[in-house]
Amino acid sequence: MTILNNKVAIIDLEIGNIGSIFRALKKIDCNPFLCENKNSFFTASHIILPGVGSFDYGMSKLIEKKLYEPLVESIEKNKIPFLGICLGMQLLATKGFENDNETNGLNLVPGNVDKIKIKNKLKLPHMGWNEVSQVKKSQLFENIENDKDFYFVHSYTFDPEDKSVVVSQTDYGDQFVSTIAKDNIYGVQFHPEKSLDNGISLLKNFLKC
Amino acid sequence: MLKLRIIPTLLFNNLKLVKGISFNSWRTVGSIIQSVRLYNLRKVDELILLDISATNQNNKIDLELVNEVASECFMPLTFGGGIKTIQDISNLLKAGADKICINTEATKNLDLVKEACEIFGSQCIDVSIDYKKNKNNEIEIYSNSGKIKTNLVFEDYIKKIENIGAGEIILTSIDRDGTMKGYDFETISYVSRVINLPVIASGGAGEFDDIYNLVKNSEISGLAAASIYHFTDKTPLDLKKFLISKNIPIRL
Amino acid sequence: MKNTNYIKYCSNCIIPETRPNTEIDSSGLCTGCKYYTYRSKIDWTQRHDELIKIIDVYKSKFKNNYDCIVPSSGGKDSTYQVLKVLELGLKPLVVTIMPDMLTPIGRRNIDNIKNFGVDCIEFSTNKILRKKINKFTLETVGDLTWAEEVSVSCETVRIANKMKIPLVVWGENSENENGGPEKNSDFFDNIVQAHNHEWFEEFGGTNGLRSSDLLSIWSDDGITEADLLPYTFPSKKELLESNVHGIFLGYYIPWDGHKNAETAKNNGLIVYDKAVEGNIVDYENLDNYQMRIHDYFKFLKYGYDRVSDWGSLGIRRGRLNRDKAIELSREVGGKYPKTYLGKNIKEILEYIDINEDEFQNICEKFTNKKIFKKNSDGTLLYDNSGDLIKINYDNPK
């Protein structure tokens, strides 16, 4: 399937920078469209959930917009390739612990989301360019060299129970999971749409999935 | 390892791109698009775009400009200037800003910052502080592009911002701004060490050796600069190469 | 909440606040006009004496070398400069750094200089690389003739350095003539502007782009530092030994481009048979077909152009009144450059391998949308001739 044939549904939780992901996708000549309601999923070849925001707010928006069930169905039943970016990846978890709340996530990839442990005077949020060390082969990183810098901006990380889904790790205090892949589900903690050439390559690779 | 960020700042005032000295003597510099395209070339890590007229002239936030810059700008973009409400922030993020930066409004109402962090996540909410030192070497915080002196106590203010959990603090020395005589080493290194949030140094970037000295002896997360890039032959890429030669983790 | 939606102009001339480096003070005057009023207070005899003192240092200093270099395009100012330098008794080497699309008039005027009895060098840069640079600078910084302007500054000084000719005599300091930042002007007697590294970086027309930027993106294509030397100002270290020193004649002599044109015409300068397209004079920028595009982009980015410049110079010298200048800026200025010196834009763009659609996209990108009228849907408004209209051509009454 060439990239041109793709219709990529972008879920808008109304709390983030949708513009960046749209621009990045347009740069690689695909057709992104805003996912407004459950019907959007029927025509989507790929789904992207970008994310800047807090876990509980993100989940509540998904539910409020009645996108929760259609999204889960599209991913689990219809096996549409899905990419969660930053918060979008974290929402795949079982639970998130943010703003002193315990919130249920989509539970599509079991595991929890928790705050980065501040060690040795590390600053939070983890903001800026950091190396993504690939620990497992994945289509997402085809033709992307190992240990390249991608742009991160988050205070929470996702710790999946099943370690076989871990594709890359990044070092900030401790090692944390920066990419996961499980069947048609992909998640990246960094922002490929803001990571210049390597980020664009990753998005291209995702669209080939 | 997390890299130190090199961040050019672009200031605009209504119709034009400007740069000043100590927030005065504003000089019109090149065109915005030209500058953004140049910075794209130079592998800068982020870009800060500030509308210095917004608050004082009670102007609407120029979403069109943000959109235009964001569409040219391949790296993360922070926008500041005249942000007063949650809706402002939402509009800006939609228009293409990755982070927003609140200055004057934060000096009046830190609850806005708190609420914004809760809704949008702290990672996209920066607080920018402009300050001068008085003759007793005490730090005085100014708002409204350096025009109004606030009564805020510096140590209290930065602690409050830390407790709220904003994304990062941009610290600008008005005295040094535009002089290219060096960042305010004393204040900036101090804040970077006592506050757990990332701190971006701003105001006075000049000689590379000076800059290295600040980086080596503080915990700053980023270096913002404008005059040095507008008026001299030093580019952000030159600075990056210099710092790499001194073993500072920098993205190239 | 209303945004300021008018461009502020100098109250005396028609230079807008949006022009880079221009300052309009609280009384409404721009630095160009202020400088001009200051001119009458300058002791020009003293300045001339200073010039003679400098000349004396270099005159016949070297039995087997030139006293100075005069950079020359063959234009009205260059012609005047060469004549002046000869009048001062110096033995110059005239250096012409060739433009990209040399016109027949340009060729004749370059040759005309030779009639004055001087040694001349013509230097052309690598044409293939040059075209690549032109296209790149148009797309990246909205300036088609970056290479020309930069190479004139850099390569001239490079030649001076190589040939150990320590004095380079430039013409006007454009920052004084057209209004630059007050702190950099010759308002204060103890500041003498020199043409040097710092001046080049700030005012040399680089638009912020440096040869190191070109090297960083093209080094994989085999471009090296050596290829970009004509666009790189020699370092201070390089200039130390030869002690190259650049002066602006415009500091020592009350500069007047119009009078220079008269002098030059009386000495063989050929001019256009009418005002060149997009301008109100017939004696400027006659040597390179690309120049109008260069000027057009200043209009798109900053809302000023040759008509603003020449109109303003004319107002200051009492040759033109302000209302007439405004009328001209509206009717003649800011037009889409369909032709220049009779050559069609398609041909001019073909030279650097760009078609007109691509060109118009680039124009749109660099247009400062705030200073032009828009349609109700927010897109730029073009008149029946395909030209943009500024939001205002004068200060609101």
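Odds and ends about this structure:
Order of writing sets the labels: A, B and C. Residues in every chain begin at 1.
The rule is short, and it goes like this: a contact is a pair of C-beta atoms (placed from the backbone, for glycine too) under 8 Å apart; a residue touches a chain by one contact, two chains touch by 3 or more.
Please read all numbers here as calculations on a predicted model, not as lab measurements.
Relative to chain B, the chain whose mean Cα position lies farthest away is C. The central chain of the assembly on a C-alpha centroid basis is B.
Separating the centre of chain B from that of chain C, both taken as means of CA atoms, is a distance of 34 Å. Averaging C-alpha coordinates per chain places the centre of chain A 51 Å away from that of chain C. Rounded to a whole number, the gap between the C-alpha centres of chain A and chain B is 28 angstrom.
Annotation for chain A: no residues touch 2 or more other chains.
Only residues 14-16, 25, 27-35, 37-38, 41-42, 53, 57-60, 62, 64-65, 68, 72, 229-233, 235, 237-238 of chain B touch chain C when the two sit together in their complex.
Taken in their complex, chain A has these residues touching chain B: 14-20, 23, 52-54, 57, 87, 99, 118, 121, 123-131, 149, 151-155, 171-172, 191, 194, 196. Residue ranges on chain B touching chain A, taken from their complex, read 1-5, 45, 67, 70-71, 74-76, 90, 93-99, 118-124, 165, 167-168, 193, 196-199, 219, 221-222, 251. Taken together, the chain C residues at the contact with chain B in this complex read 1-4, 7, 17-23, 139-142, 181, 183, 197, 201-202, 207-210, 212-213, 216-217, 233, 301-302, 365-366, 368-371, 378.
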